[in-house]
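All chains are identified by letter, namely A, B, C and D, in their written order; residue positions are counted from 1 within each chain.
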Amino acid sequence: MSDALPIEVSSPTPLLELRGISKEFPGVKALDDVSFAVYPGEVHMLLGENGAGKSSLMKVLCGAYGADAGEFFYKGEKVAITSTADAQKLGIAVIFQEFSLVPYLDIAQNIFLGREPKGRIPGTIDRRKILADAKRVLDTIGFDIDPSTTVDKLGVAQQQMVEIAKAISQDARILVMDEPTAALSDRETELLFALIARLKADGVAIVYISHRMAEVFALGDRITVLRDGRRIDGVRPADVTPDQLVRMMVGRNVDMTYPRHFADKPGELLLEVKGLTAPTGISDINIEVRRGEIVGLCGLVGSGRSEVARAIFGADPMTSGEIIFDGKSISGEPDLAARRGIALIPESRKSEGLALLRSVSDNLVVSALRKLFPSGLFDQRRAQRTADGLIRQLRIATPSARQTVGLLSGGNQQKVVIGKWLAAGSKLFIFDEPTRGIDIGAKSEIFALIDRLVADGAAALMISSEQIEICHVCDRAYVMREGRIAGHLTRNELTEENIVRLGMHHA
Amino acid sequence: MTDISKEAIMPPRSFLSQDAIQVFYRLLAALLICAVLAVLSDSFLSLGNILNVLRQASLTFFIASGLTLVVLTAGLDLSVGANVALSACIAGTVIHKTGSPALGILTGLACGGIVGLLNGIMVTALRIPSFIATYGMLWVLNGLTYWYMAGETLHGFPAGFRQIGSGYLFGLPIPVYLLLVFLGIGTFFAQRTIWGQEIYAIGANPVAARLSGIPVARRLLLVYAVSGLMAGLASIIFLSRLNSAEADIGESLTLPAIAAVLIGGTSLFGGVGTVFGTFIGALILTLVLNGMNLLSVSANWQPLVTGIIVILAVWLDMKTRRRTQ
Amino acid sequence: DGETIAVFTKNQTNPFFQTVRVGADSMAKTLNAKTLQYIPTKPDSIPEQLSQIEDVVVKKPSAIVFTPVDYKAMVPGVEKINEAKIPVVNITDRSAGGKFLSFVGADDYSLGLETARFLLKTLGGKGNIVIIEGVKGSLTNVDRVRGFNDALKEAPGAKLLASQPGNYQRLQALQVMENLMQSNSQIDGVLAANDAMAVGAIEALDGANRKAKVIGINGTKEAIDAIKSGKLLASGDYNGFAQGCLGTMMAIRSLRNQPVISEIVLKPTVITKDNYQPFDVPLEQRTCPTFEDAGKLGAK
Amino acid sequence: MREAAVASEPNPLQRIPGVAIVLVLLIALFGAIAPGFLSVANLSNVLVQSTILTMLALPMTLIIMTEGLDLSMGAVLTLTSLCVAIVSLATKSMLLGLGAGLLVGVAFGTVNGWLVAILGIPPFVATLGTLGMAQGLSLIVSDGQSVVGIPHSVRDIYSATLVGIPVPIVMALVTYAAFHGLLYHTRFGTYIFALGGNREALRYAGLSPNRLLIAVYAIGGAMAGIAGLLMTARMNSGHPTAGLGLEFDAIAAVAVGGTSFERGNGWLLGTLLGVLSVGVLRNGLNLISLPSSVQVASVGVLVIVALFLDGLRSRA
């Protein structure tokens, strides 16, 4: 489907055009004859399901992957992009989905990695200049931080801001952003949007990958949809409805209202957290979760939601308080919590959720070993069957259960993390940003799944930075502020305004 | 439906698992070395020599098999050799003092296991990287053994006890039976028990393993204790085979054991490898030394040849792994 | 009285050096002096022994009894001792340089030669022989193996089948012997450069139910036991105990301005079934030779 | 928006304690109980004795920062030391000897780097292999014998002084300064952090991690060459087993110094303190004449204690 440009555009020649790009990985045709063009001063949204090939296309575009077939044109002239250096010369800069920061270098060194200002002695770095330059870049994106802070001390959101600063500093003509807001709070997201508006005005072409429908319509000038490595269509936001877009992406109708079968009367008490205080900065947390409920846990980034989740699961130690699960007090390591029926779907799937080099099957059964093989004897075929079942149930896009999990797309990796707890038969699911980086189809599937789980007598505690999601699916929610519970919202009170009001400092 | 299109891109399922393929390549390499040696030396292919090679490989294998589990968790145990020395000296003394081989064997195993457990405690409770913790342990053990032995040699053990290392049963050396037994146990443990699976998971990503509900600290303790226990077993074999022990016997055992694990295809980054691979690794190392002895290769060349073999083996392993992925 | 004598030996693991140390201690006790033992933590480590020399020069003991871990590499160390004007006696391996009050040692070459001759005589001057060498590059090994080879030259009927390294290690010697037995159906004699390797070779022979005459070197307790039981043909005695005694004695005598003997090369003894009794006593019960004995033992 | 940095104290300060506490305690302890420990002559001994290890531990720090390891360093040092001896013996020139040692060291370092970077062999395995090769070559070139009779100019390097300071100490100080400058003030140093911390970041920045990696290992080889010269000078001869096992001492010193084996987190000054701790411990124990078996165990205990202290701090 490499038909010519789909729609009329302001400028006659695109800044950069890719024609007939194909890219194959062992067992996966990641890109199949994809054509794609960006024009100066536009925000080009790239949409698609998890594993559709968005990140791959961008990696081809910036020279990180070599394409198996296809041509590149810069301002109408044929060029070769075979390395990141080639791409940089053409003014292409990328904010990757995975961070490309060096932990023990400071912010300034990270921003200018490979482009350090030269000092007087050959080979040395002009320290004063690099700090000043970094400060200037950070100021343009409104990020107020000391550029000599080492990156290992930064939170996820702060790291994302450094990534953005790094891309901006290259004075790029073409800027690719792969899910830049996935880790950002509302405040930082606003800063980013303002920045995008400014760059647009300067004539920078922006390619923007996102799974958030709101952003697509708020920012996009043009939309290209990929599905299974193929380009499906190119449209303008004004010409489509979200439902139509979703259909293009997943090839079928998806219900985006996340229907919940709300429990009329909540079941018995499953989890009771009393006065939980932990050295990680949370204090006096009181939470109750009943069977059949989905309870939200919201607040700003850094308000301590993840810390609560980790402390309940036993991943971090606690200083005082009590956690009562299913009538019994628990305290100890995660293996105890897991055995009693608590599941944690952690914030960072790559570093905390998966063994990236192992197979999908290995990852799916790892939490359920004791349940699947009560005798203690492991049976590969049984594991494989369980995995195949989960792959079907969760619609995980993988060539087989034997595929290395690290080669799946981000969203599919997330499904594997959820899948392993389904296999374990947990009773309480603690989701820490379960839909981060997950496509719309998968999102509704995951919510349907959670709904089914709780309907069957399980319960969920869900952390999400997307307040809409909380409002749609939760029975009620706790709002956190600075390590404490700032308030509780019932089903009727659960609105975005209320969440924000309780979560802000001047509530 | 998207499912159908995704089904279409699945490659045909290969019949053999990745590990099986790697073991197969290794067997091939071992056979190749055998073929070369058979051409170069008349005596190589004799039954006697083959049993001989197996028996020599068994000592390295006992140490290396426990070590394999440690390496599977992305750890390392540099203290195995020193552990063998201490355990052998203690077990030997007990046999001399009490006259009871059974008691001696038990003390040797217990000594090895306790040292392993201490390693495990350093790695889990004190959170010292295993490479460093076991290096420290190596010197502590050496100090203990030197002090305990004070330059003496233990020798002369009951004939029954000596059968373990030097006896035959139905024409096969007893260590070869032990080798087969432990090869079986090790493979079964690693591949067919959930503990084995958990060990692989820990090696692949310890943080994720912990958050998946695996009792990481306990499994690590187990793994280091098993490694120590196997060193204890090796010390018994050593003692009964050589009918003697002294303080420095461990020195020349550690690096060959590590080399056997690596040649056997276990990755130092954890999560990848098999006990059977380690067995073939031990076999390849032994074959090379056996060949050099049979061909009377000068001593000067022996480290050089061993070094090249280690690099070649691992490089070929990576080559074949990439292709079959 | 009350002098401190620093005694340097090569390692803590070889029984031979233990006998040297016990000899030194025993002599020092008799003469009312004290010993300090300096042993590298890594066996035979050159840099470590050099560091220990530097440290001991600061500490200034009354005298030093010195076994170089390597007879050539340690010369700068000896020169440092000389510069610090600490009297030093050389024992065991003859240092290639530096000034010593006295040398007390055995001659590795004749030790190798005599034991090998004894083996060949027992075999009637013929038969198939293998040599198991010690650590490549160590002086003791070079000289012993040279002695072995020269003895073999005197017996044209004997044939050298192989000369392979066992690195003074028991296990390695055992495995080398096992391997050599595969390619040689008839082995009559084994010349091992130390007792541990000789005993390793005997284990290999026993394991294969084969017989050969084996000799070792050092006269360790283990070797004496093996000679007693008829498994080992002979062991060349290096007499470490006497070396320790006499080295210490010379050092103390010079401090007390008594005459010393500048060179004592102990004659090799080939310990066999016929003469092992004097060696079959625990180290602690052995008595040091007197100064008069020393004169007879091998003064040139 | 003002983002509070989570921990505002500078990075190295956080790590000083483990190794620094150990070193200070050791010096205080031996100063109190070991006669002569605090004398200038003895302290100078400790420093001179630590120079060879310093020269190996500094590049080892860089290599470990790239999530690598060089097990061949001791064996390569042995080989370069022999080369220095053989060449200076043949040509009567110290400089030619040094040149030969450097050449061989760099060659081995480059091979290590090539095996690790281009062939992708894990560093532990690659350098375990080259360890064997260097050891074998040492035996072959020397035929297992010591090399003696080398010119005095070589030996003088170890015993000479420069404005009253022994030349080896001067060399070690210069080396430290050079490594410090290299790691913290040059682009190359920045890239070393990235090699361990995030190799992808380098690739996206248009730099070749492979070439950088080879350079790091080659530096290790070159330093083994220079240390080989010192070793030869120290022994006034070349010997085929002189440096065996030194690589583990170097690794231990790096670890004691607080460099972690992950994500490019390295600290050069810590390494220096680590080397000194090992040196002070050995020297002090020699002076108080504890039984040798205690000395053997002591280094093990030092390593464990220092890392335990670090662990305590990082958890606090």
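The rule is simple: a contact is a pair of C-beta atoms (placed from the backbone, for glycine too) under 8 Å apart; a residue touches a chain by one contact, two chains touch by 3 or more.
Source: prediction; values computed, not measured.
Here the chain-to-chain distance from subunit A to subunit C, counted in touching steps, is 2.
Shared contact partners of subunit B and subunit D comprise A, C. Chain centres computed from CA atoms place A at the largest separation from subunit D.
Rounded to whole angstrom units, the spacing between the C-alpha centres of subunit B and subunit C is 35.
Our note on geometry: subunit A versus subunit B, Cα centroid distance of 43 Å, whole angstroms. Residue positions of subunit D touching 2 or more other chains: 139, 144, 291-293, 295-296, 299.
Along subunit A, no residue makes contact with two or more other chains. In subunit B, the residues touching two or more other chains are 139, 142, 146, 299-300, 302.
Contacting chain pairs (ordered by label): A-B, A-D, B-C, B-D, C-D. Remark: subunit A residues 26-29, 49, 227-228, 250-252, 313, 315, 333-335, 337-339, 344, 346, 351-358, 362, 365-367, 369-370, 373, 376-380, 392, 395, 397-400, 402, 404, 420, 424 touch subunit B in the complex.
The part of subunit D that touches subunit A in the complex is made up of residues 1-3, 5-8, 11, 181, 185-188, 190, 193-194, 197-198, 200-207, 263-266. In the complex of the two chains, the subunit D residues touching subunit B come out as 115, 119-122, 124-126, 128-137, 139-140, 143-144, 248, 251-252, 255, 260-261, 291-304, 307-308, 311, 315.
Per the touch definition, subunit C reaches subunit B in the complex via residues 11-15, 17-19, 21, 41, 43, 133, 136, 162-165, 167, 169-172, 174-176, 178-183, 196, 199-200, 203, 206-208, 220-222, 225. Partner subunit A is touched in their complex by these residues of subunit B: 1-3, 5-6, 9-11, 13, 17, 191-198, 200-201, 204-205, 207-217, 271-272, 325.
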